[in-house]
Every structure is written in structure tokens, then in C-alpha cells.
């Protein structure tokens, strides 16, 4: 079991309010991702759940039990740090065994659990090495191994992949997802990488300046963003926003359309503009188009479109793929 | 070092540096040589540098006649004892300052350092008086207490600077893994900080070993460590230079060797981190 | 890393050190202050006398000599160790054969306990008849100097400077080695000779280390004791009596605790003036 509930959680650091008021329900077994720009309070929120920081007010419940004042050890959660935070003076075996040693578990149980975790994470050959003799990916796996032996109620990850190179990041992403499928334990995962968020999460919490902007499944956030912040944050390249007369024509303060929802034609279209830059990625082409009276729009076209710098093109939003927002940025 | 230098230049500087180094080192070398001479050779004119009959007689005499081992024992007990006591008190304090700092942490550290700057004579009268009242004069306990207190700021300071270099994540990981505070300090922090703790230990043994003011003032016969024992040789005349040299060598040798090993930490410890 | 629990624990863990030092600082110091206002000797009960002890302390006909001795001792040792230390550091920074060994030899005096170094210098080097210096003087055709009779304070300065020279050298060398090579090379490209290089690049770079060495040494040098105790016992007359030694004599031999306490407070004030500057330099470093 591992459901986590936040009730009106507030956190201030010496008078500076970092998290004004967050309430959240995380069901047992869910994979939740906190995503948001740097400094928005993701780590802080995770550390509040972990018990490494105190809530200023509000309550945190794990399996219905109030743990707001409980020490980290009593919450039975495991955490994987961005820096891995391995114990440099212990072998891989010692690192993975440490939580069980703290529990004063019997020797056989420790050995069995360590071997088991090592097998799951392909670490069996490295058990007697010290952390500094491991690669980044292996260290990451040791950190995960240390987290799983204790069979925690939930795993907490704070940007665990951000120190890895791109290829390894993709591989580890898959491994963590697989691990979740296998263990079915609640996972709370912090990242500022929206690809990680979209691919891994059952549900995403989009945070901005300590507030929850939206909480929902990845597709929900993509298809029905609650406001301009979420609309702009989820999706790559970013959604195009248009203000002013053009938006008013659609009865909104702001309208938004995703690059992949713009149809590019040699002429005609709702808007016509001049191609400033075209980026050929092979599979796709990103066209940055300057439209008179509207500004710069980005469109995603197939990889083989012929448009070049200086050419005039027409752009039209696909049917029903235009988002409308009011003056407060809320979806209409 | 990417500076290209001609061998001639290097040789010239080498010669100069060695001459200067030997001049600086000479008093110690001279005492070392004298300790192996007979009393007659020790005051011979012209002085004999290397070609004399080397003898261990002085060492034997000092060891037999002067209770040298008692003084040595006193030195070891007080220097090591005060350093260990200091570490036990300082490790938790340094943990708190490094990993749970508050707005006042810096002020507390500064204040601790400032106590180190209190001149001994400023508290000479009350300390001797309190010691007499409490029966601490000329005891190991009394000396250990004073040495601990005068070196505690340096111990806390050095540990603090070493602990600061340990990533706080790792301690938090231990906390998540279910370690209590005591376990966190014993199983995670201390082993990670072993090099820093060892340097601190070394430097403080040296400082305590050589402390002369309080050892002279607060001991008379029983707890007297080596500095006070050597000071007793200053009393009148008698040309016992060879024996004096032998006793001196035995007093400084262990610390000289430790000092050579801890020269890097010396800079850090004695400048309070102001020079790195 | 801050929950109510850890903050609480932190307070408990700091407590022993803080309390111990607080007691060490407050109890004896306030006793000293208290005694300094008492007419209090070994032979009579304390009795309040106001500032009499201070007046008496400064009325001592030798007091200004003692102050002067204290200052000359500090200043002399500082001058020798700062200049000598800088030169030595520059020398040791050069590429030389056996650098490590040279370093060990130069550092050694710092680890010799004060009583030993004082005795070795007094007897084996500076002794007017059998000392090595006397022999050298005779060989060169001079009459030997009776160091502790003719230039007692200077002799003490030499001994203390010898002990502190390694400290200055070591710290200045550390600072020197942190000067980055590129800056040096850039100056070389700009046509700076070795002298210009020293005054415009090296010396400014070392200024902080020099300040630190100066302040720390001053604190220790203001309390030089064992060297005087072993060599001259403050004499001849009061020629080598510095402030700590005077207070020591007043307390241990004249049994005038009130007077010695007043002197102790004067010494504390003197040290504080230096300490304030030192703490400011150290404190700046703490920000980083």
C-alpha cells in the first residue's frame, strides 16, 4: 500500500512562501510526475513528502495516516537523489544493504534481498566495487537498488536522470518504467523534462511558482490544457500563442495552436507569412514563419517539405485543434 | 608547472635553497649531533661536526635518571586525551554547523574562534585559583581540560571546513534509509570524513604537545609533560649539553615526524581557512 | 535539511561545545575583571579598591619598558618572518631538486616545542663561551657577543622568529602556489621583468595571506612566554620582560592577584584589537 495525500500543504523558507497551498491525492501504485520550470518548488514538494523538510502548515498523509511530523525514517519511503548520494566508503553491496542494516534485518534476509535487487538491476558483477569505480548509469542503478530493498510504500525520485547522457537517459527511463510495472509500487518522480513526464507518468502534476496548474493524465494535459501555462509547457516545440484582433475574431483573449496542428500549404491558408528559418530534422521540418499582424509562428511539417528561407507559405490550424483562452489565461 | 627552465638555473636555485634550508634546520641538526657526543666533545672548541665518537650514553643516562618515561607518558596522556575529548565534543557541533546551519551559525563560529584569541594571562589568576580549589593542579584531568578548551575552537573549525565538503544529499539518503541521527554520524559522516578527522587529530596533538604556558603554570611534579620537563633543564649552569640534547631530541622527535606528515593541514587549521 | 527535529538535534549537538567555551570564557574572565577591582594578595582577603590596581599597574616605573618590549618583540619577529617568509616562499616556489625534502627541513622548527628551541639556542648556539656563534666570531677574529647580556631582547626575537619563520613560509608558499600560471605568463608577455612581476602581480596576490599571517602571528606573539621563561627570566632587569611575563611574575611571585588581574585585562584588550581585524578577514572567507 502506498497512497499519499497532501492537504493544504504550505511551505515557507524564512518568510518566503515557496508553496502557497497544495492539495493532492496520489493513489496506491500510481506513477506520478511533478514537472515544471526550474525553481517552481518540485524538489521542495518531494522533500516535504520525504520528511526532509517540515510543512509550514497543512497535512501529509500516507495510507491515511498523518505523517506531517514524522521523521523520514518512519515514513517508509525511499528516495533516489539527482546526485545518487551513494555512500562512497561502502561497496555496492554495502550501499544496497544499508537500509536493511538500519532495520536490523537478519543476515540471510539482507543477503537475499541484496542479491535479488542486484539481479533485477544487472549489478551482480559489481557488488564488491566502490561507487567511484562505476559509470553514471551503474551508480544510478545502485541508488535504485538501495531504494527497492526496503520494499518502501513509495519511491521518490528527484531528477534521477539529469546527470546522464542522452542515450543512457532514454535507456534508464525505460528501466524505471519497467520497474514500476514489475513492482507496482507508488512512484513520485520529479523532472523538468517534459518528455520524461509524458512517457513515464500515469498522471502529471504541472507546477508553476509553487502552485498546481493542472493534474491529470499526459494525454489530458496535451489535449485539454487548463491554461496557457500548461498549454505552453507540455508539447514540443511549444504551442504558438496569438493575441489581439486575430484572437478576438475567435472570441478569445488568446488563442493557441500547436506546431503539429498547423497545415502548411504553398499558398492560401488562414494566415500567410514568410519562412524565416526552416530546420530539417530528417523526420520533421520545423518552419519558423513570420506572419503579418500576428508575429512568428512555428509549424511542424513532414521531413521532405520543399519550403526554404524567404518563401511565402500559407498556414491553417486543423479543425478543432485551436485552443482558446480568456484574459486570465484559462481555457475557454 | 609549465614553466620551462634551464638546468643551470634550476641547479643554482637548488644550491641556494638547500643552503638556506640547512641554515634554518641547523639548530635542530646541531642538537641532534650533540646528543651523540660526550659532554666533553659537546663543548669542545673547535666544535666537532661529524667526526667524533658517537655514543648513546646520553640517551641512556636521560632514560635512567630522569623519569623520562613518566614525562613522556604525561605528554601522551594529555595531548592525546585532550584531542580525543575535543573530537568527541566537536564532531557533533561541526555536524550541526555544517549541515543544519542557521542565521547565527557564522556568528557562533566566529565567537568560538575569538575565544582562542583570549590571551592566557588574561585568565591566569582565576584558573590557577580554581584549579587549586578543585584540586586539579598538577593532575592529568586538569591539564586535559585546559588543553581541550584552548584547542576546541580549532578542532570545531577544522572539522566544520571538512564537513562542509561532504554533500548533504548523502546524509539525507542515510536518513531516508532509516538511519537515526547517531547512526548517520557514526556510519556515514565519520567514515566519509576520516581524512579530515585524522588531520584535525594530528594538528591538535601537535599543538597540545607543544603547549608550554599552561603546562609550566599548572603542573609541578606529577602531571608534568615534556615542555615543562625540558624547561627544568634551564636551571643553573652545569654543562650537560649532550644530555640536554638527548632529552630534547626525545621530546621533539615524535611530534616532528607527525608535523612533517601534517604540513598541509597546518595551513588550513592555523589560518582558519583564510588561506587555501 | 531542516526539519524541526534536525534543528533541535543540531542545538543539542552544539550545546556541549558552546557551553564549555562559554564557561571557559565567561567564568575566568569575569573573575579576572572582578579581581582587577580588588585589593587582593595571597596574604589578605579581597577588598574593593576601584581602579587602584589599574593605576598601580600603570604607575610601575617599568611599565612602558614592558609595553615597548612587547611591541618590539612582536614587531621584530613580524618583520623578520614576513620578509624572510616571502623570500623563502619565492625560493621554494622555484623548480629545484629535492623540493619536498627542502620543505621538510624549512618547516621543522615550527614543530619544536618552545622550551626546547629556547634551550638549544641559549646554550648551544648563543652561549658566550662554548656556543657555536662564539666560536665562529673567534674564528673570524671578532670578540664573541654575550647575547643574553648585551642584546637580550634581540636574542629572544631571533629565537621566536626562528620558530615562526616556517609558519609564514608555509602559508605564503601556499598562497603563492595558488597564483595561476597564466596570469604570470600574461605579465611576462606584457614585458614585466621579475621585479615588476613581484610588485605588480605576486605581492598583491599574496596580500591577503600576508595579512592573515601577520594577524595570527600577532595574536600568538603577544603571549610569548616559554622562550623568555627559559632563557632570560625577563632580565637582565626588565630588558626582556613582556606583558605576559610581567603578569606572570606579579601573580606567581608577588602574589598580587588584583594587580595581575588588572594586567590580564589590559592584555585581553590589546589582543582583542588584533582579533577584531583577524575575525573580519576570516569572516569574509566564510561567506564564500
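Lettered A, B and C in written order, each chain numbered from 1.
The working rule: contacts are C-beta pairs under 8 Å (C-beta built on N, C-alpha and C of every residue); 3 or more make two chains touch, one makes a residue touch a chain.
Computed from a predicted structure; not experimentally measured.
Novice: Can you list every chain that touches chain A and also touches chain B?
Specialist: Both chain A and chain B are touched by C, going by the contact rule given at the top.
Novice: If you take the mean of the Cα atoms for each chain, which one ends up farthest from chain C?
Specialist: Between chain C and every other chain, the largest centroid distance is to A.
Novice: As a test of whether you follow the contact definition, which chain pair has the most C-beta contact pairs?
Specialist: Counting C-beta pairs in contact per chain pair, the top pair is B-C.
Novice: In terms of Cα-based centroids, which chain occupies the most central position?
Specialist: Checking distances from each chain centre to the full centroid gives B.
Novice: Just the number, please: Cα centre separation of chain A and chain B in whole Å.
Specialist: Comparing mean C-alpha positions, chain B is 54 Å from chain A.
Novice: Find the geometric centre of each of chain A and chain C from their Cα atoms only, then give the gap between the two centres in Å, rounded to an integer.
Specialist: Comparing mean C-alpha positions, chain C is 60 Å from chain A.
Novice: In angstrom, rounded to a whole number, how far apart do the mean CA points of chain B and chain C lie?
Specialist: 16
Novice: Two or more other chains touching the same residue: where does that happen in chain A?
Specialist: Those would be 52, 71.
Novice: If you look at chain C, which of its residues touch at least two other chains?
Specialist: 1-2, in rising order.
Novice: So which stretches of chain B touch two or more other chains?
Specialist: 172
Novice: Spell out the residues on chain A that touch chain C in their complex, using ranges where they run on.
Specialist: 51-54, 69, 71
Novice: Could you please specify the touching residues of chain B with respect to chain C in the complex?
Specialist: 1-3, 5, 10-11, 13-14, 16-18, 20-22, 24-25, 27-28, 30-31, 34, 43, 45-47, 89-90, 92-93, 95-97, 99-100, 102, 106, 108-115, 117-130, 148-149, 152-153, 156, 168, 171-172, 181, 206, 209-210, 212-213, 216-217, 226-228, 230-231, 233-234, 239, 241, 244-245, 248, 251-252, 255-256, 258-260, 263, 266-267, 270-276
Novice: For chain B, which residues count as touching chain A in their complex?
Specialist: Chain B reaches chain A through residues 167, 169-170, 172-180, 183, 187-188, 191-192, 194.
Novice: Can you tell me which positions in chain C touch chain B when the two form their complex?
Specialist: Touch residues, chain C against chain B: 1-2, 6-7, 9-14, 16-18, 20-21, 24-25, 27-29, 31-32, 35, 88, 91-92, 94-99, 101-125, 130, 132, 135, 138-139, 162, 165-167, 170-171, 174-175, 178, 181, 208-209, 212-213, 216, 219, 222-223, 225-226, 229-231, 243-244, 247-248, 251-252, 257, 260-261, 263-265, 267-268, 270-272, 274-275, 278-279, 281-283, 285-286.
Novice: Which residues of chain C touch chain A once you look at their complex with the stated criterion?
Specialist: The touching residues are 1-5.
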